[in-house]
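What follows is a group of structures, each given as structure tokens.
Both complexes shown next keep chain A, but they swap its partner, so chain B is in the first and chain C is in the second.
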Partner chain A sequence: MISSLLSEDLPRSRIVAFTLILLLMAMLAAPVAIGGLTIMSVFVKIAIFVVLVGSFDLLLGYTGMISFAHTMYFGIGAYGTGIALKSMGASWEAIAIGFLAGAFLSFVIAVAVGLFSMRTKTIFFAMITLAVANAFAVLVNQFYTITGGHDGLIFQIPRVLKPAFVIIPRDVFGVPINGTTLSYYAILLICGLLFLLMLRIVNSPFGRVLQAIRENELRAEALGFNVLRHRVVVSCIAAVLACVAGALNALWLRFVGPEVTLDLQVMLDVLLIVVIGGMGTLYGAIIGAGVFVFAETYLQGAIAYIAPMIAEVPVVSVVIHPDRWVFWLGILFVVSVYYFPEGIVGRLRNRAAELANIKK
Partner chain B sequence: MNKQGTSETVISIGSTTSLLKRDWLPIVIVIAAALIALVFVGSPSIWLTLTLAGLAMGMMVFIVASGLTLVFGLMDVLNFGHGAFVTVGAYLAYAVLTMMTGLTVADNLVLNVLALIAVVIVAAVGAGFLGWIFERIIVRRVYGDHLKQILITMGGMIVIEQVVMMIWGSQEQLIQLPTSLRGAFVMGDAVVEKYRLLVVVFGSVLFLAMYFSLSHTRIGLLIRAGVEDAEMIQALGYRIRRLFVGLFVVGSGLAGFGGVMWVFYRGTLTADIGGELMILAFIVIIMGGLGSITGCFISAILVSVVANYVAFLVPEMAMTSTIILLVAVISWRPRGLFPLTKR
Partner chain C sequence: MDSAPNIADHYPVIETKGLSVSFGGHLAVSDVSCCFEEGTLTAIVGPNGAGKTTYFNLISGQLKSTSGQVFLNGEEITQYPVARRAQCGIGRAFQLTNLFPELSVQENIRLAVQSMAKTRDSFLTLWSSHKDLIVKADHFLELAGLEQYAKANASTLSHGNQRKLEVAILMALEPRVYMFDEPTAGMSVDEVPIVLDLIKRVKSEGNKTILLVEHKLDVIRSLADRIVVLNNGEVVADGDPTTVMASDIVREAYLGRARQDRVGTAK
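Coming up: the complex of A and B.
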């Protein structure tokens, strides 16, 4: 049953499987066992990043194309939902209309960009998506009356999803079970289903063709597959999935702004997670997102804690500084592309396969 | 698509024999765009100011993009980190300028221009040297793999930008032009900024120099031949690798040069200053045709001038207009305005 849920694409490494189960259990238990908004926010961020990064991996790891517009679709989902909730009030219809409008826009842009850039030369896709994402970010900033510009938008969500909606009062479990808990589980459920859907996609005949295109474009073409059409279709799927992730992110934060959606920094985070986790393995998205979000939350705190102690040391104090977080990410990124291109999951899978061979 | 037309342009750009055979259409389009804009803008003096600003912007984009397009055309290496050299050039300019205030504060055109040239040389050499290291450490290992190239050069750019922040701080810095280059003079009722004029002169001189060294020198011949068919050049016994490293260093140096021009134009500098120019540079490379200096020049001017007119007429549409322009040009000539390669 589990095997068919996972589309018969199992983790294929005991360590990966164990970590995944641990993470899943922790996610499910956290609101009741630990409680508090911090830990829930960490897990929600992981779940949303799994969808965002996984859908990006459909492009990068499975089809071999780099899009720099992925966070734009993430942003479109977030802004669509946010703007609708702001202008129509906190209702379910607003969420539905905002999200659907966002998804439609993402779809249209993905088709247009895909058809246009891949008709000429595949490598142009990276450059053109970068330009389009930039143009979109500029537009969002310029239409600040609608989007809130640099400051972003704060909006209300339906009452059922808010902390004021108490389901089980604090004195039963020691932690309150309220609307926030509800939206936590709802987001987890949606992200989990989307992850299974992505597994389904990459293990379908369509997904196999994508991998064939990645390995050898000419041969795939020669076998009679329409390479252009497959590329455009997968970029549309990825765009809409990113759009869903964006809408969920907006609902959880009750805020949408350029820094959490459209900034190049978010795109770099996504790239780093894909590379660390392992390109071309969807499980890598989970492991990578887990490692990244935990590191971001706790390691960054640790650096901020250490920083004052070493403030006297000349060079070290500049390098180990809370503001230099991105520097370390960059180093980590370059090093992992060189020495670790298969990522954590790829490495563990290879090791498991070797061990199995030795046993034989 | 239009095979006939493009093969014709290959011949006409490849050889410098006949001026009549050359493809004048893209240049006509630039002029037509400027004239149409004149009708919409209305006032000739505003139009002149806009055109000059657009030209200056175009020159800066050209300076940055020219190295990139040659590197890409010759070795099929796409450097997404090119913007880092722009940033480094800009910061080197800032550092040098604060060191020689004596030359820049004096209200003497000769001294000021000398100071500016010194700044440009330091920035270009510094960025070129960094480019040499970048090629050795970062780019060399990922030849032939576009995916990794994009990832790794992007990562390299982040690291360089962060190191720049460590050295010069992450807050915005102000930078001022040498005294006599500031300000503008008035022609009729049009305001012509001196510095913009200077940038246009610099850019045009660079274009002519590159054009003639590509068409009249032996190295230029090898580069052009390499862009068209690198394997053949190697088979004939030339070390294309050395040529390529040289080109990469020159390209990085040019990016540093562009960075100097750009930072004086903006007046402020931050570590992500290179990124803004890079997006335009990418568009220009695609639009101009890979490895084509002429295409790069013409499309840089076209993009910047049109963006400037649109920014005046409908401010919200400036960046979008650039993308629409790209779509239009590529639909017309799928391999760019002046395609050189068959790839």
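Coming up: the complex of A and C.
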């Protein structure tokens, strides 16, 4: 049952499996056990990143394509939903129309970019995607009457998803169960289902061909697989999945802006998470997103906690300073990429396989 | 094109008409017109740089010809991309081992089986639910004697085993045309017969067209129905093995004067 739900692609490492179960339980329990918007936002961000990074991994880790336009699709989903909610008012139809329009646009752009550039070398495709993503970001800025430009858009969402919609009042569990809790679980559910869908795709006959293309494009072609078509199809799938992640992100934040969607910084975060978690392992998207979001959220706090203890030490106090947290985040990534080039999940899987071999 | 089936039967399986390709003014394959009939094994021989592999690349589509045409059963396929030619039944094994290195040996073969199956693009079913493909892949795995390495990555195999896998992948495609490019190159002496047996097995099916680039004269003698000799991209001899091997032009072109004495020992 679980095996077929996970498409027979199990974590293959006890540590990974244990971490995943722990994370899942924490996610499910958090709104009631801990409560508060901060922890829910952390987990929602992880869940959305799982879909965004996982769909990016379909391209990078499974097919061997480098695309810098992935956050553009994320942005299209977010802006589509946001603009529709802003102009049509807070209704379910607005969400549906906005999202579907975004998904359609993503699909069309993915096909166009794919057909124009995929006959050429990988690096050329990467450059084209970078150019398209950049052009899109500029366009969003230019059409500020619709998109809000730099400032982005703030909009309303249906009442059921808002904190004012109380389901169980605060005095029962000590934490309120309201519209926000509802959207939290809805986002978790959708992201979970999409993750299972991605696992199924990479373990389908189609997904196996993607890996063959990654391994040896010319041989895949010689076996009779239409490499171009497979690449275009997988970039459409990835684009639409990123679009869903964008829509969910917009609904959670009730805001869209270039910095949270289209910015190159988001693209770099996605790249980092894929590499840290492990390319070509979808579980890496979960572990990577978890590590990244936790580090991003709590590293500054952790340093602020240590800082007073070493305030007297001359050089160290300057280096270990709450303002320097991005520097430490960078160090963390350099170290992890250096020591785990195959990513955390890749490394743990290899280790588990070695241990199993020794036992034999 | 004539649609009457009895006439269509008379088309050679593979035909090249005036096939040429040049790289920056150098004619690598020059005006090669050849027919390859069903049920025959043709050895294509020639010195290094004669254009044998290039000619193969023109037939299987890895290279586009500068001029000339390629026909498969009378249908012109000159403009078809590689994948389409493979789907039409032209199967190719490569001189330089050309595998999916980080996929398992079984998966390397299963992908070939999958490519020719109808379910090849399904993306919501599990790969492992298509049992028929796995069974078939295991069959070819066994034929090549690689069953003990089924789960190992292709990159971990020895050179000889990689060559066997290369041949097994081609066999798993079950094409109409088998193109072997030096299948035994670099293999140890005791491994060569395994590959030769595989080729003989294909040949014994009787309805396959086999093209073989090979340097080993004893291999050619034991397998070939016909020899085509290429030199500087041109066909310099074409005929049954005994006549071709005896002709002076072949001794000069293929073997080269300096290698004459080696022919003596091979005989």
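Assume the second predicted complex is superposed on the first by the 321 of 360 C-alpha atoms of A that agree within 3 Å, B and C clash if a C-alpha of one lies under 4 Å from a C-alpha of the other, contacts with A are read in each partner's own complex, and residues count from 1 in each chain.
Note that in this section a contact is a pair of C-beta atoms (placed from the backbone, for glycine too) under 8 Å apart; a residue touches a chain by one contact, two chains touch by 3 or more.
Predicted model only: the values in this text are computed from it and were never measured.
Enquirer: Quick check on the superposed pair: does A:P205 touch chain B, chain C, both, or neither? Answer first, second, both or neither.
Expert: Touch status of A:P205: second partner only.
Enquirer: More residues of chain A are touched by which partner: chain B or chain C?
Expert: Higher number of touched chain A residues: B.
Enquirer: Who does A:S4 touch here: chain B (first), chain C (second), both, or neither?
Expert: Second partner only.
Enquirer: Thinking of the overlay built on chain A, is A:V334 touched by chain B (first), by chain C (second), by both, or by neither?
Expert: A:V334: touches chain B, not chain C.
Enquirer: If you stack the two complexes on chain A, which partner ends up touching A:F294: first (chain B), second (chain C), both, or neither?
Expert: The answer is neither, since A:F294 touches no partner chain.
Enquirer: Return first, second, both or neither, reflecting whether A:I123 touches chain B, chain C, both chains, or no partner chain.
Expert: Only chain B; A:I123 stays clear of chain C.
Enquirer: What is the contact status of A:F255 with respect to chain B (first) and chain C (second): first, second, both, or neither?
Expert: In the superposition, A:F255 touches no partner, neither chain B nor chain C.
Enquirer: In the superposed arrangement, does A:V227 touch chain B (first), chain C (second), both or neither?
Expert: second
Enquirer: Just to be sure I read the superposition right, which of the two partners does A:I66 touch: chain B = first, chain C = second, or both, or neither?
Expert: Only chain B; A:I66 stays clear of chain C.
Enquirer: What does chain A use to touch chain B in their complex?
Expert: 60, 64, 66, 116, 119-124, 126-128, 130-132, 134-135, 138-139, 142-143, 264, 268, 271, 275, 318-319, 323-324, 326-327, 329-331, 333-334, 337-338, 341
Enquirer: Spell out the part of chain B that touches chain A in their complex, as residue ranges.
Expert: 78, 80, 138, 141, 146-148, 150-152, 154-156, 158-159, 162-163, 165-166, 170, 275, 279, 282-283, 285-286, 315-316, 318-320, 322-323, 326-327, 330, 334-335, 343
Enquirer: Enumerate the contact residues on chain C facing chain A in the complex.
Expert: Where chain C meets chain A, its residues are 60, 62, 81-84, 86-87, 92, 94, 98-103, 107, 110-112, 114-116, 119-128, 130, 133, 169, 173.
Enquirer: Which bits of chain A are touching chain C when the two form their complex?
Expert: Per the stated touch rule, the residues are 4, 7-8, 200-201, 203-209, 211-212, 215-216, 218-227.
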